[in-house]
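Questions regarding the structure given below will be posed in turn.
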Amino acid sequence: MQTASMRSAYGESLVEIGQKNKNVVVLDCDLSKATKTSLFAEKFPDRFFNMGIAEQNMMSFAAGLASCGKIPFATTLAVFASMRPCEQIRTSICIGNMNVKIGAPYGGLCTGENGPTHQCIADINTMRGLPNMTILAPSDATSCKACVLWAAQHKGPVYIRVLRDNEPVIYSKASEVDVLSGNRLKDGNDIVIFSNGFTSHMAVVAADLLEKEGISVTVHDIISVKPIPEKAVISMAKKCGAVMTVEEHNIYGGLGSAIAEVVSQKCPVPMKILGVSDYFSDSGSHQSLLQRAGLTVENIVKQTKSLLNKKE
Amino acid sequence: MVDTINKNLVSFLEEKATELRINILKMIHAAQSGHPGGALSAAEIITTLYCHEMRINLDNQRDPDRDRFILSKGHACPVLYSVLAMKGFFPIEELATLRKINSRLQGHPDMKKTPGVDFTTGSLGNGLSIGIGMALMGKLDKKDFRVYVMLGCGELDEGIVWEAFMAGTKFKLDNLVVIIDYNKLQLDGDNDEVMPLEPIVDKLEAFNWNVIRTNGHDFNQIIKAFAKARETHNKPTVIVADTIKGKGVSFMENKVDWHGLAPDDEQLKIALEEIRGS
Amino acid sequence: MYKLGDSIPTRNAYGDTLVELGRKNDQIVVFEADIGKSTRSAIFGKEFPERYFNIGVAEQNEMAIAAGAASCGKIVFVSTYAVFASMRACEQVRTFVAYPHVNVKICVSHGGITPANDGVTHQATEDLGIMRTIPGMTVIMPADAVSTRELVIAATQWDGPIYLRLTRDGVPVIYNEETSFKIGKGILLREGKDITIIAIGDMVSKALDARDILSKQGILAEVIDMHTIKPLDESIILDSVRKTGGVVTVEDHQVECGLGSAVSEFLGENYPIPIQRIGLRNTFAESGEYELLLKKYKMSVDDIISGCFKVVGRKKKKR
Amino acid sequence: MIDKTKELERWAQLLRYDVVRMISNAGSGHPGGCLSAADIITCLYFKEMNIRPEEPDWPDRDRFILSKGHACPVLYAALARRGVFPVKKLKTLRKAGSFLQGHPEIHTSGIDMTSGCLGQGLSVGAGMAVAAKIDRKFYRTYVMLGCGEMNEGQVWESVMCASHFKLDNLLAIVDYNRLQFDGSVDEVLSPGSMVKRWKGFNWNVIEIDGHNINEILPAFEKARNTKEVPTVIIANTIKGKGVSFMENDYLWHSLMDRDKLAEKCKQMKKDMENADSFYAKRLW
């Protein structure tokens, strides 16, 4: 299994768009080595600003830059990019629909050993209520690149949730990735699994195992949690008649919630939301924390089977 | 006032600080992640706090009258865990479980999990506000406990720290002491590159605090600074302690890369030799 | 104390109750961020100046100070506006209040679009959703002055952090003083059989109005006041939808993340039926009169009614 | 021909009238902080700033951010009086459908940034000033802060960063009226020596009387001529300035008594009509 680092892909993609567009500027809060914006800083020192450990200032500052035609990528760890400056994102960025991109590496539990203060399982939800915001949660290094490229083209605020290292590679080329509609990773009829981030790869592996047992599963990688690709979600929910969501986020408010809103309104079918069951996790390796949360291939298989029993 | 400090006290503290450094390095090595630089720079101050300055009660760890300590720069927690283990809050062997699953020793301090930790920290800039809350309640309840907060210098970039400096003045919290571990390095480089802090003393004085500058590795000066803080009334004290990041291990000293890096076997061996030898 | 039908801002009831509690319990302390006159915490400050701390316009500091105070055994109330508590101090609430699970009660005025004229920056329409995703938080919005008093009292006995949202402007009193309130237990206000309306906060009285009109048109709606959206009262929802088979949720909040979302999550996993969500649809509101804003942003009594018709229609189609 | 000072004083008086009229008309709003800022805003919009009323989005314009967003009526009045939008629109303040929101919004002509949540404006201004430097443009950015706002930590974050980035094209003005929502700044959260604080953060500090046009204009000029460091003007002002019963009364931070204000408005109108034809033709 080939793996690559998503945050490196983030840093490299910034360099790439920085070369093409001189309006791209990058901001960071004293974490450029961790977030890999240091790659951009080396190449374009004049367009890189280290704001110090001052996330709120960074967000309003970015709004000021955007109002003068710049495309700022404000970057820091997910918890400090979403929750610490939440109100600044709302007031300075979203109300005016400013063209600010927020890069948020270390989303979910991947900063494992650092403990719950640094893990972030509430970022997607924190951003999801905000009008004008687009929320992207890519699932590997390639789709992360696709998201950065897309965000640079899109006018308006975008939040990109990035993971750390060693994510399995799902896509071969960034141009193949459909950022807004998501991507069918596997086609089947009995159940549809919507997932994003680190868990998309697990869902595919689980689907392969289930296939051997005669259960045919659709796996759809949802990169854009907001706006949620409503049409695609509904058509698959209708086709399969049962929906499961898998994500490295609180079961409340994230992808599962976004899917539940759509499905319940347009075609209520049995559902299961897999994620972190509303608790603060612990220090420990990323793998051990995923295991505790039930975000494993085995559990996806198990939950799929029990959900199928509920299907009429 | 302590004009002459007992020499035995100083050599006792020196011994303890050495022990702390050894534990810090061993535990970060065992975890293979963590933040040695800022833990080592704080060793003398933390030693002085726990082995001399602070009133703690091992028989009743949550004694409402105990002095409190908040490590606002939570990532430096190996130094705190070491001193707590050394004092007997939990077995010293437990240090080896740092950052592992099911351990009581989280990557950043957790008051609900670790005995002796007075408040959860880890996201920077907040510890001083929490200390203010405690000091205020001390005043309200007419208790004489004192509150100590250690800030990293990079934390002063955070606005909430300045909100807290204002509040400390307003409420005249002379039962509160802030220690800035001024090692002049943060994750991305030195303060001057990332966000300059000088003139740091002028800034703090402009917020009407009692400001004391000291050498954060010199026990004589540290002990005196705490004593002076006790004698100051009607305003809180901030001790700006000049320190060296990674202090005690030559290849870590003043090296920003050692902010958050674990030593390998070979590096640990050299580091321990240096510390024991000194 | 409060008369049925009177229009009272729930922030007023909060201020009065704080004083009442302060007299009984000297462990209660209150923190404020320079808007005590508006949040009504100043009433407490006047009577108990030694237990009232104005932190200035510094909400993050306020929240972390409150956490520190709570760790010394106090029952701490924090007052400010909803936007500032939930968003300005979002991370402090998560890391220093919720994660250590300290006894901080965050009681905030200016919830939803009730600070109508002040405009978007002061209208908190994302807060309930944000607070709901923080583990260990309890999230409440009372519907009127009576329930505000009861729930604020209940909050002092509740172990752990609470986020309680109040209105700036007046809302009609709908409860008499005999009603008993429990955190985490919804109130069945009206029985019905055709549809369940689940409402929260200032929208509960609108839901009642909608029910009256609907019943004249032959639809009997059950109305639930879901004052606590976390923990969600799952049994009251299940009991109701087993009868009615359809739900309309009504909230003064974005339809994403809030009550509608919580109900969708729960029913999706446990009892999939048609749901319609009434609330702000992914947009910011604006300055203007409360009732006019409700109309413009499709949250009025008429919109609740048409939502009910939609769901009833879909129910039929399904059969 | 009257001199420049006299002319600016007249505009300031007219803005005060507009503010009183708008707020009594809307039935809510924040008069105290509008009136304390009226003279400075007048000097900015009628003298100092380089803007094009007919082209509010002109890319090379000077920017202004009212960080104390609740004082927006005075800003709306200045924009209307400069011709950015018709004066009669002032009537619509805070009404549904109006572009004159309760707090400033970037979509309104002439408003350079949304504000209203205190403490964010200087960060935004620093961003604009940096953008000008990147693009090698000469426009300047002006940010007005309230003194209560200085409680917010974010202000100090931006103060630090503006001096770090050497933003000499950025000017901060503190409307130092010494009152905030809950009382005097000394009671709520003392700012200590404002001058000492800003100096501690390496800014060029100028202290003036914020109601004296002959002090305001030279301060702007001094700021323009200061290189390598950002400048802050600490403008000592009086909350509610110009309306006797509001002056220095913190309760008039927001509208306290609508009838009293409406009464005052009528009287102001009468006085101004009689005083000068300059006013007479501009009243509403």
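Each chain gets a letter, A, B, C and D, in the order it is written, and its residues are counted from 1.
What we mean here is this: contacts are C-beta pairs under 8 Å (C-beta built on N, C-alpha and C of every residue); 3 or more make two chains touch, one makes a residue touch a chain.
Source: prediction; values computed, not measured.
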Quiz item: Highest contact-pair count belongs to which two chains?
Solution: A-C
Exercise. Return the distance between the CA-based centres of subunit C and subunit D, expressed in whole Å.
Key: 36
Quiz item: In whole angstrom, what separates the CA-based centres of subunit A and subunit D?
Solution: 41
Quiz item: Counting in whole Å, what is the centre-to-centre distance of subunit B and subunit D, each centre being its mean C-alpha position?
Solution: 44
Practice problem: Spell out, as numbers or ranges, the residues of subunit D touching 2 or more other chains. | Solution: 105, 114-117, 119, 151-154, 157, 160-161, 164, 189
Quiz prompt | Junction residues of subunit A, two or more chains touched | solution = 51-52, 54, 56-57, 79-80, 84, 87, 91, 95, 116-117
Practice problem: Mind pulling the residue numbers of subunit C that touch at least two other chains? | Solution: 55-56, 58, 60-61, 83-84, 88, 91, 95, 99, 120-121
Quiz item: In graph terms, with chains as vertices and touches as edges, which category applies: line, ring, star, complete, or other?
Solution: complete
Quiz item: Hey, which residues of subunit D end up touching subunit C in the complex?
Solution: 26-29, 69, 94-98, 100-103, 105, 114-119, 148-149, 151-153, 180-182, 187-189
Quiz item: Which of the residues in subunit A end up touching subunit C in this complex?
Solution: 79-80, 83-84, 86-87, 90-91, 94-95, 116-117, 121-122, 125-126, 128-131, 226, 243, 250-254, 256-261, 263-265, 268-273, 278-280
Quiz item: Which part of subunit C faces subunit A closely enough to touch in the complex?
Solution: 83-84, 86-88, 90-91, 94-95, 98-99, 120-121, 125-126, 129-130, 132-136, 230, 253-258, 260-262, 264-265, 267-269, 272-277, 280, 282-284
Quiz prompt | Sites on subunit D touched by subunit B in the complex | solution = 119, 151-157, 160-161, 163-164, 189-193, 196-197, 199-202
Quiz prompt | Footprint of subunit D on subunit B - complex, ascending | solution = 157-163, 166-167, 169-170, 195-196, 199, 202-203, 205-208
